[in-house]
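There are two complexes below, and they share chain A, which is joined by chain B in the first and by chain C in the second.
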Partner chain A sequence: MKYVPHALLALSAVLFPYCVQRVFLATPIESQMGTAQKIFYFHVPLAWICMLFAVVCGIAAGVQLRRRSDRAEALALAAGEMTVLAGLGVLITGPIWGDATWGTPWTGDARQTSTALLWLVFVAYLLVRTYGPANAERLAAALAIFGAINVPIIYYAVKIWKTTHPQTGVVGSLPQDMWNTLWVCLLALLSLAIALVWIRAGQARLAIALDRAWIDAEPEPAPA
Partner chain B sequence: MLILDQPEAPSPATATSAGEASPPATQKVEGRDRETVRLKREYEAEVENKVASDYSHIVWAYGIIWALFAIYGVLLWRRSSAQQTDLDELGNQLDKRG
Partner chain C sequence: MRLWRQTWLLARNDLRQEARQLELVMTAGFFTLVMVVLFAVAFFSLDDDAQAKAVPGMLWLGVAFVGALTLTRVFGREREANTFNALLAAPVDRLAIYLSKLVVTVLVLALCSALMVPGLGSVFPAAGIFDADPVALVSLVLLGCIGYAAVGTLFAAGLASAAGKNVLLSVILYPLTTPVLLFALVATQRLLEGHAELWSVLAQMLALDVALVGVGAWLFESVLVGAGPRANPARSPRVSS
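This part shows the complex of A and B:
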């Protein structure tokens, strides 16, 4: 298990050049959106990764609240950071794509707004978790659970409201070349994201253990 | 898609039967003369060429994504180094106390 993140990093290092080759050279240019559509191959996997780790963070935060588990706390923190990182990627690449195809970077539709809301909630989670007072991790965990509830709203936003985003079935209707490229890019990004979350969770657990060890190492005060 | 057929001119027989005072059987349609068609074709070719060859958006998007992950990787590495220093310091302190 110790070498799992290294193996995942190596896998993503091999896959990323292959992704670039596939995206730029092997996948045809979409007839209506042109080259800007190629942002799709990283934008959509990043959005899925953002939502996946938001759910992981919410579940781990729930376990942390119930059992006071260090492991769950570390996983929640690492997953929360990955949610913010992937969410930032989505919120930057989406408007670049929108500017090229819709003519405006931000239409304020339901999916964009709910994704921005999810990102803000998890930024708040990290801020409370990092800079909050003692016992703030419980408040932060509640925020993470609240954020995770936003994930199905993002997914179903295109079905519930009128939006400029395509419907959820668009991925299933892709031609074979585009479909293959999407899954290769998803595998590359997902392996990278899992590796980074794994490493970060390990660091968070070590930080908790170090804090306790420093407290134990403090010399006891002399009796008055 | 553009319709490239030109509006047909009135046939001589129709023009003769209609007389001089009556309006022509067909009217010229706005935007379908040869010059407009040529300009539209040129414009569409230019747009199509730009859409199919302009990679600036995608380069920006991918550059930003990779930069984000690289920055996060560097932050993890720095944090790991700081923790290792902290761990060594703790070990030294425990050694001093015996």
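This part shows the complex of A and C:
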């Protein structure tokens, strides 16, 4: 188990050049959107990774609250950071793609708004973890749980508020070639993300253990 | 039955304190008026069409701002008098603490909305707030306030033991209350447009409120246990590495 993150990092190091080669040289150019559609192979995997780790963070936070598990707390923290990182990637690549194909970087449709709000919730999670008071880890856990619950609600709310998704059918109608490239990119990015979360969670666990050892080593205050 | 009685006793205690000083009502009410004036100044030149589109946003932004102020004060008072730990140590169900604070917050928010809605209605007459169905308007405002307060009470309580961390409440509150505010926004737009689907949106808001109060009540104790200083019980002592 010790070398799992290393293996995943090696896998993604091998896959990344192959991805670039596949995306730009081997996969045909999409007929309607042209070369701008190439960003799709990074945008969509990043969005999936962002959602995946948001859910992981919410579940880990729930376990942390119920069982007071340090392991779950460390995983929630690492997953929260990965959500913010991947979300940032989604929020940068999305408007670039949108600008090239829809003519405007931000249309405010359901998917965009819910991703942006999800990202904000997890930035708030990290802020509370970093700058919060003594009970910050429990507070942050509740925040992550609410955040994970909120995502579908926000999506639905924006959908009934503003139903103008210009390209809903993009992913469904892809030729097999493009699907295959997408899977390769997803595998590369996902193995990188899992490796990073794994390493970060281990580091967070050590930090928690160190804190605890520090508190245990402190002499009891003398009774007044 | 016991839970409701405890909730009522705790809420009555807060309300009585409020009735003696009127601190929350006066400050939050005045803040509401200031906001209406600021909206009036900032959006003075909106034409008639734009007014109907902008007023729902102003209403719920106003509720969000007043709500943050109210929640800070509701728990700030406990902190200043150092009674929050006493409240946690008291032989009452923790759920009753949550529900009583929720009731107080919703009452203050409803009072502020009772100022804000007519205020916005008279400053932006073309939005047609006064022509809207009053029953729907009142239930909409109440449902929005309950949902907002359900999330807010949980996190304000979590921050109550820490002085000087109020800025974090705004950081948490606004992203997390977006769903209920968005629903309220949709419902207000439909109300002003006289849309036929208004009541179905209100029913969805009711369901959302029930879910938010449920999750808030479920998490309240976990978030608060050990809220006092140096109380961090029963965690596994060491991480095996």
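Structural remarks
As a convention for this text, the second predicted complex is superposed on the first by the 193 of 224 C-alpha atoms of A that agree within 3 Å, B and C clash if a C-alpha of one lies under 4 Å from a C-alpha of the other, contacts with A are read in each partner's own complex, and residues count from 1 in each chain.
The criterion applied here is as follows: a contact is a pair of C-beta atoms (placed from the backbone, for glycine too) under 8 Å apart; a residue touches a chain by one contact, two chains touch by 3 or more.
In this text the structure is predicted, and so the values were computed from the model without any measurement.
When both complexes are superposed on chain A, chain B and chain C sit side by side without a clash.
In the superposition on chain A, contact of A:26 is made with neither chain B nor chain C.
When the two complexes are overlaid on their common chain A, residue A:4 makes contact with neither chain B nor chain C. In the superposition on chain A, contact of A:36 is made with chain B only, not with chain C.
When the two structures are aligned on the shared chain, A:14 is found in touch with neither chain B nor chain C. Of the two partner chains, chain C is the only one touched by A:212; chain B is not. After overlaying the two complexes on the shared chain, residue contacts for A:46 are found with chain B alone; chain C is out of touch.
Legend: residue contacts after superposition of the two complexes on their common chain; A:153 is shown touching chain C, with no touch to chain B. For the pair chain B and chain C, the least inter-chain C-alpha distance in the overlaid model is 13 Å. Shared interface residues of chain A, touching chain B in one complex and chain C in the other, are 206, 213. If you check the complex, the residues on chain B that touch chain A are 50-55, 57-58, 60-62, 64-65, 68-69, 72-73, 76, 79-80, 83, 86-87, 90, 93-94, 97.
Partner chain C is touched in their complex by these residues of chain A: 65-66, 68-71, 117, 120-121, 124, 127-128, 131-135, 138-139, 141-143, 145-147, 149-150, 153-154, 157-158, 160-161, 205-206, 208-209, 212-213, 216.
Those residues of chain A that touch chain B in the shared complex are 20, 23-24, 29, 33-36, 38-39, 42-43, 46, 81, 85, 88-89, 92-93, 96-97, 99-100, 192, 196, 199-200, 203, 206-207, 210, 213-214, 217, 219.
Within the complex formed with chain A, the residues of chain C that make contact are 151, 154-155, 158-159, 161-162, 165, 168, 171-172, 175-176, 178-179, 182-183, 185-186, 189, 201, 208, 211, 215, 219, 222-227, 229, 234-239, 241.
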